[in-house]
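By letter and in written order, the chains are A, B, C and D; residue numbering begins at 1 in each of them.
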Amino acid sequence: MKLTFELLWLIPFLPLLGAILNGALSLGSASSKRGPARGLVALLAVLAPGASFVITVLATCKLASHTEPGNTALVQPLWDWFAVAVPGFSFKLSAGLMFDHLTAMMLLFVTGIGTLIHLYSVGYMWEDRGFARFMAYMNFFMFSMIVLVIGDSLPMTFVGWEGVGLCSYLLIGFWHQNNEYNDAARKAFIVNRIGDLGFLLGAFMLFQVMSSNGQGSLNYRDISSWFQNFANADLITSHLGQIGAAGLLIFFGCTGKSAQIPLVTWLPDAMAGPTPVSALIHAATMVTSGVYLLARLCDLYAHATAPVLAGLTVSQVILLIGCITAVWGAIAGLLQVDIKKALAYSTVSQLGYMFMAAGVGAYDVALFHVFTHAFFKATLFLGAGSVIHGLHHEQDMRRMGGLTKLMPITHLWMFWAWFSIIGLPILGSGSFSKDLILDRLFDGASWTPIVGGVALATALVTAIYMSRVMYLTFWSPSRMSAETRAGVHESPLIMLIPISILGFGSMVVGWLWAPADFGVSHLVDNKSQHGIHFFNDWLAPVLGSAEHFTHQLLHPKGEGAAAEGGLSLYAMPALGSLAALIGWLIARAIWRGGRVQGPAEGEITGFSASWTWFFDRVYRVTVVIPVQVVAWILAWVVDAAIGGVVAGIAALARFMGDGYTSVQRPRLRSSLALSMAGVATLVAVLLLQGAFAWVVGLLGAGVAVLFLLLELFF
Amino acid sequence: MPPVDLFPLFLPLTLVIAGALIVLGFEPFLQRASKHRLLPWLAAILLVAAGAVQAGAPTGSLHGIFAMDTPRLWMCEAIIISTLIAIGGLQMSLARDDYPGGEAYSLSLFGAAGAMLMVMAVDTLALFVALELMSLSIYALVGMRRNRRESNEALFKYFVMGAVFSAIFLYGAALSYGATGSTAFGHPWRDEAHRGLFLFGQVLMLIGLLFKVGVVPFHFWTADAYTGAPVAVTGFMGAVVKVGGFAAIGTLWLNLAAVASGMPIPGVLDLGAAVTLNQTGKDLLAHYNLAFLVLGLLSLVLGNFSALKQTSIRRIIAFSSISHAGYMLLALALPIGEKLQLGSLWFYVVGYAIATAGALSAFTALAGKEDINDNLSGIAGQGRARPFYGLLLTIFLVSIAGVPPTVGFLGKYLIFQDLVVRGDVKIAIFAMIMAVVGAAYYFRTLVAVWAAPSCEPAKAGPPVLSGWVLAGAAVLTLVLIGWPNALIRPDPAGAANLGLSAPAAPAAEQAVLPTGLATAATR
Amino acid sequence: MFHILDPYLGPAFFWSFALISVLCGTGLFLARHPINGAINLIGVMLSLSGIYALLNSPFLAVLQVLVYAGAIMMLVVFVIMVLNQAKDHIIPQFDWFSLVALPLPVVLGFAMVSVLTKGPTVVVAGGEAGRIELPKDASNSLTVQFRAADAGANAVYSWDFGDQNRSTGREVVHRFAKPGSYTATLSVSDGTPALRSATVTVPVNDAVRGGVQALANSMFDTRRSGPGYYLLFELIGVLLLAAVVGAVVLAKRNLDSPEPPAAPAEGHH
Amino acid sequence: MNGIDPTNVQVLAAVLFALGVAVVLTRRNVFLLLMGVELMLNAVNLSFVGFSRELSGNESLWGQMTPLFIIAIAAAEACVGLAMVICIVRGRDTLDSDAFADMKE
């Protein structure tokens, strides 16, 4: 059912307006010494996402007030965007906004948490010369992220998708004093571009499949209904391969944005940006857009049941990739000494959990983890930023310690976020979502419980490395120099308020999906329906159909069979909490005394470095080197063609002496002759037949080759 | 297409040429300094007027040698905008260099007039006149800095190669005339015995035009001419020549498709229309299709990988322009169905022209006196010193790289989607990978622009005109992605738009059926 | 009375001019010095002018001599002028590069010739009854060659040219008195009573193609239905202006010195 | 005086055109390059006139008109070309096309 809501367009527009105004302020004050009026910039920058948040709340209320069954959405078509020409039919794509239950959930935390982080940034970046430019970028990021979530079609989402990538690039490179940061920014961008290939191709293939019965569309509601339509069952069966390929390609795009293996290496490097950026983009919002997209296309993934890669279906691939990434991120997180890098690897690992959930068809659980993770990880990052701010840009945990008393409020909320991420129960939202993921994993068929076991072990490692971070930062004797220690201060109020709100949120939001009576009724009848199932009920209109479909596939015998096979509702929280406890105790035993290797100046060494080293090396071998080889060969051809000066030829020339270099010039005659060889070949191919074509064509090619040789040696 | 009166059709063109003449007339009477203060504004005023008039230009054809329809209209508009941008850049550049003469503005306008005529031409002779008008103006612009060695060399190579390929084009026109009995496009061969002659002529003409747009293996002039020209001129020629060239290539290709399918076209073909192919036509054109794909892929590979190696911004843009010619060639490939339509090409061309002219014009502001900063180390940090132009350069380069939210993205998107839907998935994947390779060097440039400064910030020229024009163009680059259909104006025939949509079948038929052009019957 | 020679006179002139032009072209190709090249080029142009005249295009022939050869004379003057300035009077004629590139024009030429000569050189009319072959450009001349298909040793071929003239023979040459459309009839009898015949329509049209009047009419036909050459004519004006401006930008001397030399002369006064 | 086979005219044009291409491809003197281009344009004109003869009526007329324009444009091209020669000879003091080969990469 479609409803209209006239104010919908304001949600993305207001941050865009903020970005434009702040950009104008930044440009207008470029020549002045002091820069723009910071108060005005701050006001605009915070107000814009704040107002978006308010409108989102209004829209959510309106959506919630319609309780008819079925997938209800607020829609606002904006304009006819472009048309797609396809043999057989023509199809116009309109740019439009769609606000359904999934969008509502995503937007609430995107704009809510986004506003808080903007507020925090005001404090964090106040002294920076590029304050206005930074806030403009942040606002533009909000705009892109909102477009990604609220767009009603794949191309709309892609526009936002690339927009957030662009902002990520701009913000990572924001402090571009050194080239390392710039390289990180460029790496992030190129890696994401590779992922985008998958996104676009997947979208095209999906379009191709759907247009096979003349209903091609890239609109999400059309995609869902196409897959849910029983009339298309045969069509789906006959196109399973293509559907699987489309799903796999889109998932490949998601791995780029959400930093999953294989496109993972950019995220830890992206920590070069200012900390609020890490909190907003690289922890809370942008990196979760991959999960969002999988959930958005859940019907596609649910129906992609044919093996596409090594005998695995797309969902199984997602499951495995998520699992491997989670394990890898956790282990790598264990080895970091830079507090932000540790948190970055933890993000990678947590995203792995979300993908695992999506891989078993538990999209609602995946989104629930997105939701809780946004709170506790944002808190952790903002807390880390507060620590870095207080310690005057010290990020090495080996030179921290004993900050509990010095930064009590930061510590308080980081403690609760830690409590949440390692999965301690009741006051940690992370335990709710993570335990649900584990539960679904153990609930699955055949080998998914094994993955569940791995995930449980990973939870243990998570507890260890997160406790390590806390011990090294707060709970161990100080290893700071005296003057650093003297300068340590608690952050200003404007930074503490967002931390407090988010930290409090990370304590409580888990209860949105919880057994209200602490599961008492569950003891009576297994799989009780009692309790606050607010979150999954809320998402059911969007995801329900796909989840039901997947569930039937996994448990063909029906609901009852599943219930018998599943573990008790208490089992997972108990196991998860146990793992968290054990992990904490292990970490306590090791790091309570602040025992770390002597801080090596500058370089990150040891195993941690070798992990990134490993992946960078794999990259080098599989991507960079082949590209370089091709580039080299072709450049050689071109340069030879115009008598060029590629390094190899120059070296050859030097080798042969000055007599040769004087001849190695891009002469007009050479260019003309090569062009003419092209003319001859083209004429031969296009016009002539038989032996004559061969003679002319080969002559053209032969002359070209001879010329290249002559340019080299004559 | 209905016949149209001379005056309304040629009014924008007249304004452009009048601008050139006015600039020429004032030029000798001005002090050297005030030449660059006054003349660009005169030119800009006339160009703005031309742009405004162009937006309301009537569609139709004139004497069967010139025609106007919606895609053509927007390509003309793109030429005018690119010229405006280039005039802004030229002003900045020439004033900074204290260049002693203002003829360059007038030459730009002549070049723009030539390109507009190329877009409008539907007759080989008219096309040749237009092509020469454009080329001769641009030759002079390329060689403008006469005491620079590389400028001389660029002029020499570009001129001689251009003249040779003009002659090849012309020979093709002669053969086509012999085979059809007419110099107009879209005439069928006289009898079967003349088919080979006709195709030979078409191929030679095609080669002449492919040379102009710099497709491999006819690309050798590109790198040198782009590098030898002043930066602002580089942007101008990059934009304007591509528009004119691809408009002509598209016209030739659509007409060839119609003729090969045995469809008589006594009227003039609307560039937005869909041409219906039959099996004969498809068989006849299969080789051409293959050639476009192969040359397109070659251009992509050579252009992108050569650009990776460059350090000069102009050379990067030159090789990237070769790769873009490759994308545009891919857009020419035949459809899987019956309707051949070049909507994505027109859209790509318009977006590319504005972004290229804009990028190099914005770069002019950062390039320093006599463009000495034209390499990655010279440009380092210039964006931080002059954030306004840095930001504009960023927007334009992002658009050329094909990243949302810019118009360049939608152009690539449409071409790739056409390829995938057509079934050329492998080619699409390859082209997309090449787009990623392209992103690498664009972003290398951008990284340099925003890096820590390593040398003196460029001295500013008078920024007013270029500032306004570029800001407008940047907005256009960002906005056009949302309204590609804003380029569409309701057409009397009801068929034409920017060609992005497949119009309903009857409308398409209407567009290619005779619409009663008296001259056509006589030619 | 020499009209009997007509079919042979035209080709004879044509072949001579063609020979001259090709020889001169080759001379240009082989020229040691650019002035030799220019003179050879003038030779090509003059012989082409002759061929235009032969092809009934007198205006172009005149223009060719006036404008084109004139332009080349200008080139020659330039050569002399510039060579005085530049130091290298003679640049080596050929080198390895030349030899490698040479197959390209040769092959391209062959390809073009092969396509151009593919078409039929004769127009065929009539059916099985009796085939008549006409030269392809029969309509361009008052003198027309007719040829009948071979109908056996005993066949008798009789022609009626449609202008009250008759003739016999398998291959005949007839000169029509004035242009017009004639219907020629061929009757073939091989001694048996059955008389076969075929007809062909000959549009005899010896009009001058490139006459000044026709060209001018066409050039200045500004009617809506006209060919529109007047527009191109105007545009050529713009083009020439642009070319002049371009030439000025490239070659105007005082552009080179951005600052006029300071005037120390003032000090002397 | 007639009886010229139009095909022969075309063959002559093709040969002259190829000769022009050969001049342009092989010779090093800038002036000879320009003359080669002129030769190619002349061949094109001959081709137009030859075809004009094969056709009749208006069709024939177009083939006579086009060379007029080509001659005019060739003059314009020669004008710019000669200016170019002056311009580049000033810089390097040579007419050898191989001397204009400094741009690399």
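In the analysis below, a contact is a pair of C-beta atoms (placed from the backbone, for glycine too) under 8 Å apart; a residue touches a chain by one contact, two chains touch by 3 or more.
Not measured: the values here are computed from a predicted model.
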The larger set of C-beta contacts, choosing between A-C and B-D, lies at B-D
Chain closest to the assembly centre - both centres taken as Cα means | B
Mind checking the centre-to-centre distance between subunit B and subunit D? Centres are C-alpha means, answer in whole Å.
-> 26
Taking each chain's centre as its mean C-alpha position, how far apart are subunit A and subunit C in Å?
-> 70
Dist(centroid_CA(subunit B), centroid_CA(subunit C)) in Å evaluates to 35
Mind checking the centre-to-centre distance between subunit A and subunit D? Centres are C-alpha means, answer in whole Å.
-> 61
Would you give the residues of subunit A that are in contact with at least 2 other chains, written as numbers and ranges?
-> 639, 646, 666-669, 672-673, 676-677, 679, 683, 687
Multi-partner residues of subunit B (each touching 2 or more other chains) = 125, 129, 132, 136, 139-140, 143, 146-147, 155-157, 160, 164, 168, 196, 200, 223-224, 309, 522-523
In subunit C, which residues are in touch with two or more of the other chains?
-> 97, 101, 104-105, 108, 112, 115-116, 119, 227, 232, 236, 239, 242-243, 246-248, 250, 256
Subunit C touches which residues of subunit B in the complex?
-> 3, 6, 17, 20-21, 24, 62-66, 98-101, 103-104, 106-107, 110-111, 113-114, 117, 125-126, 129-130, 132-133, 136-137, 139-141, 143-144, 146-147, 155, 193-194, 196-197, 200, 518-519, 522-523
Which residues, counting only subunit D, touch subunit C once they are in their complex?
-> 1-12, 14-23, 25-29, 31-32, 34-36, 38-39, 42, 45-46, 49-50, 52-54, 56, 58, 60-65, 67-69, 71-80, 82-87, 89-90, 93-96
Listed in rising order, the residues of subunit C that touch subunit A in the complex are 96-97, 100-101, 103-105, 107-108, 110-111, 114-115
Note which residues of subunit D are touching subunit B in the complex, please.
-> 10, 13, 17, 20-21, 24, 30, 33-34, 36-37, 40-41, 43-44, 47-48, 50-51, 54-55, 58-59, 62-63, 65-66, 69-70, 73, 76-77, 80-81, 83-84, 87-88, 90-92, 97, 100-103, 105
If you look only at subunit C, which of its residues touch subunit B in the complex?
-> 112, 115-116, 118-120, 224-228, 231-232, 235-236, 238-239, 241-243, 245-250, 252, 254-256, 258
